[in-house]
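Below, chain A partners chain B and then partners chain C, in two separate complexes.
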Partner chain A sequence: MISLRTRAITSIGLLASILAVFVHAAVAQDNPNAFNRLMKPPSERNAPPESDGIHDPTADGTLMLQPPQESFAGLPKSRSGNYVNWSKAIENELVTPRSDIHDPDAQAIVFDLNIIREVKGSMPDVVYPHKQHTQWLDCSNCHPAIFIPMKGANQISMASILMGEKCGVCHGKVAFPVSECRRCHSKPKPVDQP
Partner chain B sequence: MKRFLKSKRLALLVLVALPIMVAWAEYGDVVINVRAKGEGMAPVIFPHWFHRVRFQCSVCHVDIGFKTRAGGSGITMDKISQGQFCGACHNGEIAWSVENCDFCHSGMPGLETGIEGGHKTAGPGYY
Partner chain C sequence: MRSKSRPSSSAKALIFISLFIAGTAPAWASETSDANHLANRDKLVHTLLYDSSAARKVELSGNEAAIAKRAEAIKVFEAASKHEYAELREEQYNRAVALLYEAASLATSSADSDDKIRRDLDNRQQSLDALLDAHERIMEEKHSSDLHAALLEEIAADRLAADALLAEGKAAAARVHVDRAYVAAKLSVERARKGETLLRELKFDTPEDEYKYELDRNDTHRMLLKVLLDDKMKNERIREGVNVHVAKSDELREKAILFAGNKEFESAIETLEKSTKELVMAIRSAGIYIPG
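After this line comes the complex of A and B, so read on.
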């Protein structure tokens, strides 16, 4: 008897929540003048595999996969990408990715050298930190195939980055996206410059 | 009655799933459907976020030799079982082995090879 009542209550609860989600989604999609039409609402960020739109929700394997939110809960936040500030996470040792397949204690060689790139337009100059990059990458990931390791040898433009070349090989795909302008363009130009 | 309730609930879930389907994949998820489609297997989905927590980029993209182009590495199940590419770790020692087909082959049928999750840089360099 109790179980029947509990079941009825759960069913009604489930039905109500399902309907609420449905109505909310329908309203958000149907209103052409809704705010932030193309932006991902916070509730849809880091969706679990079964509802992320690319995993097959009926496959058994999908349900075995870790939901991103479970992993990201204790990590520093950011405004885009995975909504995780990965460079802060590795700096603070909140994630400790191995640098060697077999040896968990192998230390990556971190190279601390900032490269300043003066940009032609009105944007602040770009500061490229080797440190944050070598915490994840080996020199040979970028040199010499993507960037020739010589001052002035690399023509970089936002156009080529947006086409997936140079910085765009990673940024915009797996590293923070190019919408985060000021994370690279971070050194203000001298004030006396015309 | 029970079965009716169950089927009704299932139908409702499907109905609800529809608007949620437009949800967004996790940033950096890679769909690999170069050979899977022809072999009648579901596409592979590789989650960058999960792997970067455990390994630095250089482990896969230098030591193991994965290209930085989706679908550009020429991965086959044969190579994986010989310990190349995914098989360098997914061998039952470092990570679970390839007998768990549907952990990787878990994509929706018909997905195109490429990077998912929005913000993507596009153009000829993007595959």
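After this line comes the complex of A and C, so read on.
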């Protein structure tokens, strides 16, 4: 049988837990990493706009936005980021991004060119598919400000990507995070012949 | 002597506290939550009206209508703060926010809009130039320089028209022509490269270049340790296992830097490779497989 003292302590403990939630929320707001919604634990994934740490909770429009968990419900799943496989979603025509803000009928010019970048060690080489990127983006979004469209003109390193440069301008922020190594390092090295 | 079945006075107090908490907790929690929400909203709307970039923009604009609109927003906000009823307060906060947006909109000068049009045009022009450079190289590579000449001819009229309009200060009209040339260049590059796969080989001009690459690879793995293992490092057993490899890696890296300082780049590269391998093992020891 639980003693009265224990019950009272339990009640006070409950009270403390409630307060702790408030305190935790306040601390999370001050955490510099809290903005990165792509690295959040399951309980905090795809929070509604008013509490996602990105939108202004005081803006009228914020409350009018559809919560991501609701809008993502019918989309193919992914293991990371915002847990949606956007490439598959566009391939299956579950989403049809508009390519021109003024012209709803404008068609995106999709560029089917792969670039393979060799890397050292047993890490598979990187395959950069223009196709999947130009289904969402225009050439001018990346060229020449982020990448100069010329062989050998771009020094790309994982360190710079992790610091938010080059591919890291999007990946880890609005595209899948760099912890998904195999999604870019996808071309295995040839097996050495004995 | 007190009966054993009777609670003591301290126990009575605990019962009272317990019942009080149990009986009032839901109402209390709800009221506190509402009060917290309103206090938070009060603070945020205050910031928006007094300290935000929009508020400063209105203040500095000198636009009387915008300044008057912000003053109205502040008046609504101050009155809202005194409202007794939460719903009315919330409604008035929303109104104050909407009024400030209107003020900010009024304060946006036509000069701001012109600047944006010009910036967008410059960016598009730079992209066009980059595409034309790429197009020229691609056509040279394919021994089809005549196709590059044909593209230049196709877009010549638009480029001339854009320059002329820009000289007259008509950036928005110039943008239409630059866009047309841009699309033509984009389509031509797309046709030329369609379905191709290009290989960017890993080649180093000097051992020093390769050393720098290895140094970067080592930095990268150190960052990955942070990104991938931040949560796992809270576990003492994992942390100890990881730290053994990290210590070895640190030692090897220091040696490599010394080798490089003596221009012994081959040894520096080899030692750095070993250092990076230790970092890969550190990550793997925490249960995350990465190739390396």
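Rule of thumb we're sticking to: the second predicted complex is superposed on the first by the 133 of 194 C-alpha atoms of A that agree within 3 Å, B and C clash if a C-alpha of one lies under 4 Å from a C-alpha of the other, contacts with A are read in each partner's own complex, and residues count from 1 in each chain.
Here is the rule we use: a contact is a pair of C-beta atoms (placed from the backbone, for glycine too) under 8 Å apart; a residue touches a chain by one contact, two chains touch by 3 or more.
Owing to the predicted nature of the structure, the values given are computational and were not obtained by experimental measurement.
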Chain A: partner with more touched residues, chain B or chain C: B
First (chain B), second (chain C), both or neither touched by A:C181: second
First, second, both or neither for A:S140, with chain B first and chain C second: both
Touching partner for A:P57 - first (chain B), second (chain C), both, neither: both
Partner chain(s) touched by A:N46 [first = chain B, second = chain C, both, neither]: first
Touched partner set for A:Q107, first chain B, second chain C, both or neither: neither
Touched partner set for A:G168, first chain B, second chain C, both or neither: first
Common interface residues of chain A - those touching chain B in one complex and chain C in the other: 11, 14-15, 18, 22, 56-57, 59-60, 140, 162, 178-179
Chain C-facing residues of chain A, complex: 4-5, 7-8, 11-12, 14-15, 18, 22, 39, 56-60, 109, 111-124, 139-140, 143-145, 148-152, 157-159, 162, 178-179, 181, 185
Footprint of chain A on chain C - complex, ascending: 7, 11, 14-15, 17-18, 21-22, 25, 29, 36, 41, 44-45, 48, 93-94, 97-98, 123-124, 126-127, 129-131, 133-134, 137, 182-183, 186-187, 189-190, 193-202, 213-214, 216-217, 219-220, 223-224, 227-228, 273, 276, 290-292
Chain A residues within the chain B interface of the complex: 11, 14-15, 18, 21-22, 25-26, 29, 40, 44-47, 49, 51-57, 59-62, 64-66, 68, 71-72, 80-82, 84, 86, 95, 97-102, 108, 135-138, 140-141, 161-165, 168-174, 177-179
Residues of chain B that touch chain A when the two form their complex: 5, 9, 12-13, 15-17, 19-29, 31, 42, 45, 47-50, 52-59, 61-64, 68, 88-89, 94, 100-109, 111, 115-126
